[in-house]
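Encoded as structure tokens, here's the structure I'll be asking about.
As written, the chains take the letters A, B and C, and residue 1 is the first residue of each chain.
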Amino acid sequence: MTDAVLRLERLTKRYGALVVSDEVSVDVRPGEIHALIGPNGAGKTTLIGQIAGRVAPDAGRVFLAGEDVTALPAATRARRGLARTFQISALVSDVTARENVVLAIRSRSPGRLMPVPWFGARRFDEEAGARLTEVGLGDRADVIVSSLSHGERRALELAAALALQPKVLLLDEPLAGVGKDESRAIVKLIGGLRGRIPMLLVEHDMDAVFRLADRISVLVYGRIVATGTPSEVRADPLVRSAYLGEEDAAC
Amino acid sequence: MSFTLLAVQTLNGLQFGLMLFLVAAGLTLVFGVMDFINLAHGVQYMLGAYLTAVLAPHAGGFFGALALALPLTLALGLVLERIVFRPLYGRGHLDQVLATFGVILIVNEGVKLAFGAAPISVPVPDLLSGSVMLTDGLLFPVYRLAIIGAGLGTGLLLWLVIDGTKFGMLVRAGATNAPMVSALGVDVRRLFTAVTAFGAMLAGFAGAMVTPILSVEPGMGDGVLILAFVVIVVGGVGSIRGAFLAALLIGLVDTLGRSFATDILKLMVSAPTANRVGPALASMAIYVLMAGVLAVRPGGLFPSRSAG
Amino acid sequence: MSKTRRDFLVLGLMLAILAVLPLVGLPGWVITYTARIMAFAICAVALDLVLGYGGMVSLGHAAFLGIGSYAAGILIAEGIEDFFIGLAAGAAAAGLYALATGAIAVRTKGVAFIMITLAFGQMAFFVANALSEYGGSDGLTLWSRATLNGTRALKSDTTLYFVILAALVASLGVVRLVTASPFGAVLRAARNNPERVTALGYDVERVRLWAYVLSAVLCGVAGVLIANLTSFVSPALMAWQRSGEFIVMVILGGAGTVWGALAGAFVVLALEEGLSLATQHWKIAFGALLVAVVLFTRGGIAGLFDRSAR
């Protein structure tokens, strides 16, 4: 337990009478892809907000590599090694893909807020190029982000997150709104990172989740109702009725 | 004696706060709902005052002029909304600042052109002249009491409308979720045209009401506008309830600060120093209050949209 | 020729014209008036850092100008006449006020930020009005300009002109340097997408705050220069309309561009001067122009310079 890279300990968040996070405990172990699934309204977005540092929990704690980061703001958590992607692609859209990655790379360096031009620029540009090649955007490095396709932006978000050299990666619905082909490419990309970086993957696409995840936690009405390997979760009667059953019925 | 002064100044502060509320009420809704910054709201206050001052001799006195000024400021609000504001919804704040700043320049100078730069004074209407003895030794002008009454009455009316009518319900719903309201088949734009125009009339009403106690002059709306901004920020952008409380708070702090800062300082420092520093500190009071509230609650007292 | 090179050429040309202006035998008032415009241009350049690059609509920048000029004016009135002491005091006073008020303002965004900066600007205005010892609302007339290394060199309008020009060049340089730096890259990125920049580990509020403070320091410097130029400081320097005027300068010139703010300052002040020669009520025309430009240029003024930038 103590060697988890990311550990949520009984996180609780209420909005008025509504309990959106009800003593949520989840841990992401080194090397694993841990998926978090749950029907709409289960409280996934609020939970991610609490992990990333945008929403303050009412109770409970967040540990990053054994260190309590509950009181730290989002930017500090990011520098401590918690990288994330957003549900709706969030990138700096008026600059090139490369510049987005350079921002991430520079964030780790001591001169990240130097108020005068910095002469290490070329080295960063090259490293950014390498990162972009990694996610298949090598030839798109100098394109302005607003002209990239949806899938390309997804990949770019991954590249920027990886450039932070994070201890853990938080993926907020990386497949949302992505077409089938691009979706396949991103799944492959995420799968390729297995073992390199532990991930907490929040995703609606069940095929992708069951293909990628080493373990799955199921969030229903703010509470974790099951955690286990994909086959354990698939077999869990509680999950079937609360979640999968609904999905089946809906189809 | 000092108690009497305190009581009188408290009433004055209340009266000032209620006037600020009238100016801020419509504005905070428009800001909160349309995410629109309107610097030109202060000119409605000024126009309300000018219309009352100019029309009074021809319309059978203050009340006649007031009765004309209200629909006229409403109409002016509609016209401004239609011509200038509406194309700016959804544009950047910068465009909104520039265009409404332009409107202020035009109207302030236009008023100077039409009525001269000299202040105009309006006599207190006979019906409301004189003073009343509130308690032993506490004499207070009837007219200022009337303003307090009018302010409270309007506040109550506003509360009833916002809280109890379908129109109010739509405004509140629009404030939290505009797409939802338009999905229900309500024309949100028309709703907010109404709110803007109505807000303009309230500001015009405030301007009209103060004509007998303040001098009517070009640019008189600018200072009030900025105070209304302080009220809105302290109360929470988009919150009527917040605007009401903040307006009273700021009216009281400003008025009491100006009358007592020097005296209070004299208890701590020498009289000449107090006389020197007192007025400066008093003029800072409400801004320091604003800073204090925002330091603790960046969204104001009643934040209408949570930051997270 | 690349767009950037052309921009720098234009800037260089503008500065070159300013540098030779006092040498071609123009009447004295032209020199002092141009010096005045250059001092205001420093504010426009400084505001551009916050507004153009940072995307923060500050409607209180006149306060920093005023605070700088009051710091210089009060020092001279108290017998401390050294120019550099005044300069340091003006810059520091404006910077500190920006640090204190900005710390609160940068935590908010959009409409609230505009209102808060306007309110704090107004606070400085009212405090200056209440400074009865230093002239109150009438302002403070300075009996002399500051001394330069113990000499009265600044008594010459031409010398002061070149000092102001030097300060303008320095301000342009500082803003250019900062915007080309990692700090500037973060500031610009945060204008586009603060959430992303936060997720990359940058404290957006802190970056914005320091940009705000730096901008105020430059305005403070401009204030010191204006105080010396006119030998007069008054609350009118920090009237809120002046803050609006600064925004107009930046936007009309082109926000976030190499020479836009400088050009904007000259265009706006020359336009005001020209209109006021034609009519006493020139503000109506000026206001109408503003409204028209915003309403009838596609996508507003922002769209106008976006198109020319792309």
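In the analysis below, a residue touches a chain if its C-beta (ideal position, glycine included) is under 8 Å from a C-beta of that chain, and two chains touch if they have at least 3 such contacts.
Quantities reported herein were computed from a predicted structural model and do not represent experimental measurements.
Placing every chain at the mean of its C-alpha atoms, the farthest one from subunit A is found to be B. Here the largest set of C-beta contact pairs joins the chains B-C. Mean C-alpha positions place subunit B and subunit C at a centre distance of 30 Å. Distance between subunit A and subunit B, defined via averaged C-alpha coordinates, is recorded as 47 Å.
In terms of their C-alpha centroids, the spacing between subunit A and subunit C amounts to 43 Å. Multi-chain contact residues of subunit B, defined as those touching 2 or more other chains: none present. The touching residues of subunit B, counted against subunit C in their complex, run 31, 35-37, 39, 84, 87-88, 91-95, 97-99, 101-110, 112-113, 222-223, 226, 229-230, 232-233, 237, 276, 279-280, 282-284, 287, 290-291, 294-295, 298-300. Contact residues of subunit A toward subunit C in the complex are 52, 73-76, 78-79, 83-84, 86, 90-95, 99-100, 102-104, 106-108, 111-118, 160, 164.
Taken together, the subunit C residues at the contact with subunit A in this complex read 177-178, 180-186, 188-189, 192-193, 195-204, 207, 210, 214. Note for the complex: subunit C touches subunit B at residues 51, 57, 59, 101, 104, 107-108, 110-112, 114-116, 118-120, 122-123, 126-127, 129-133, 240-241, 244, 247-248, 251, 255, 281-284, 286-291, 293-295, 299-302.
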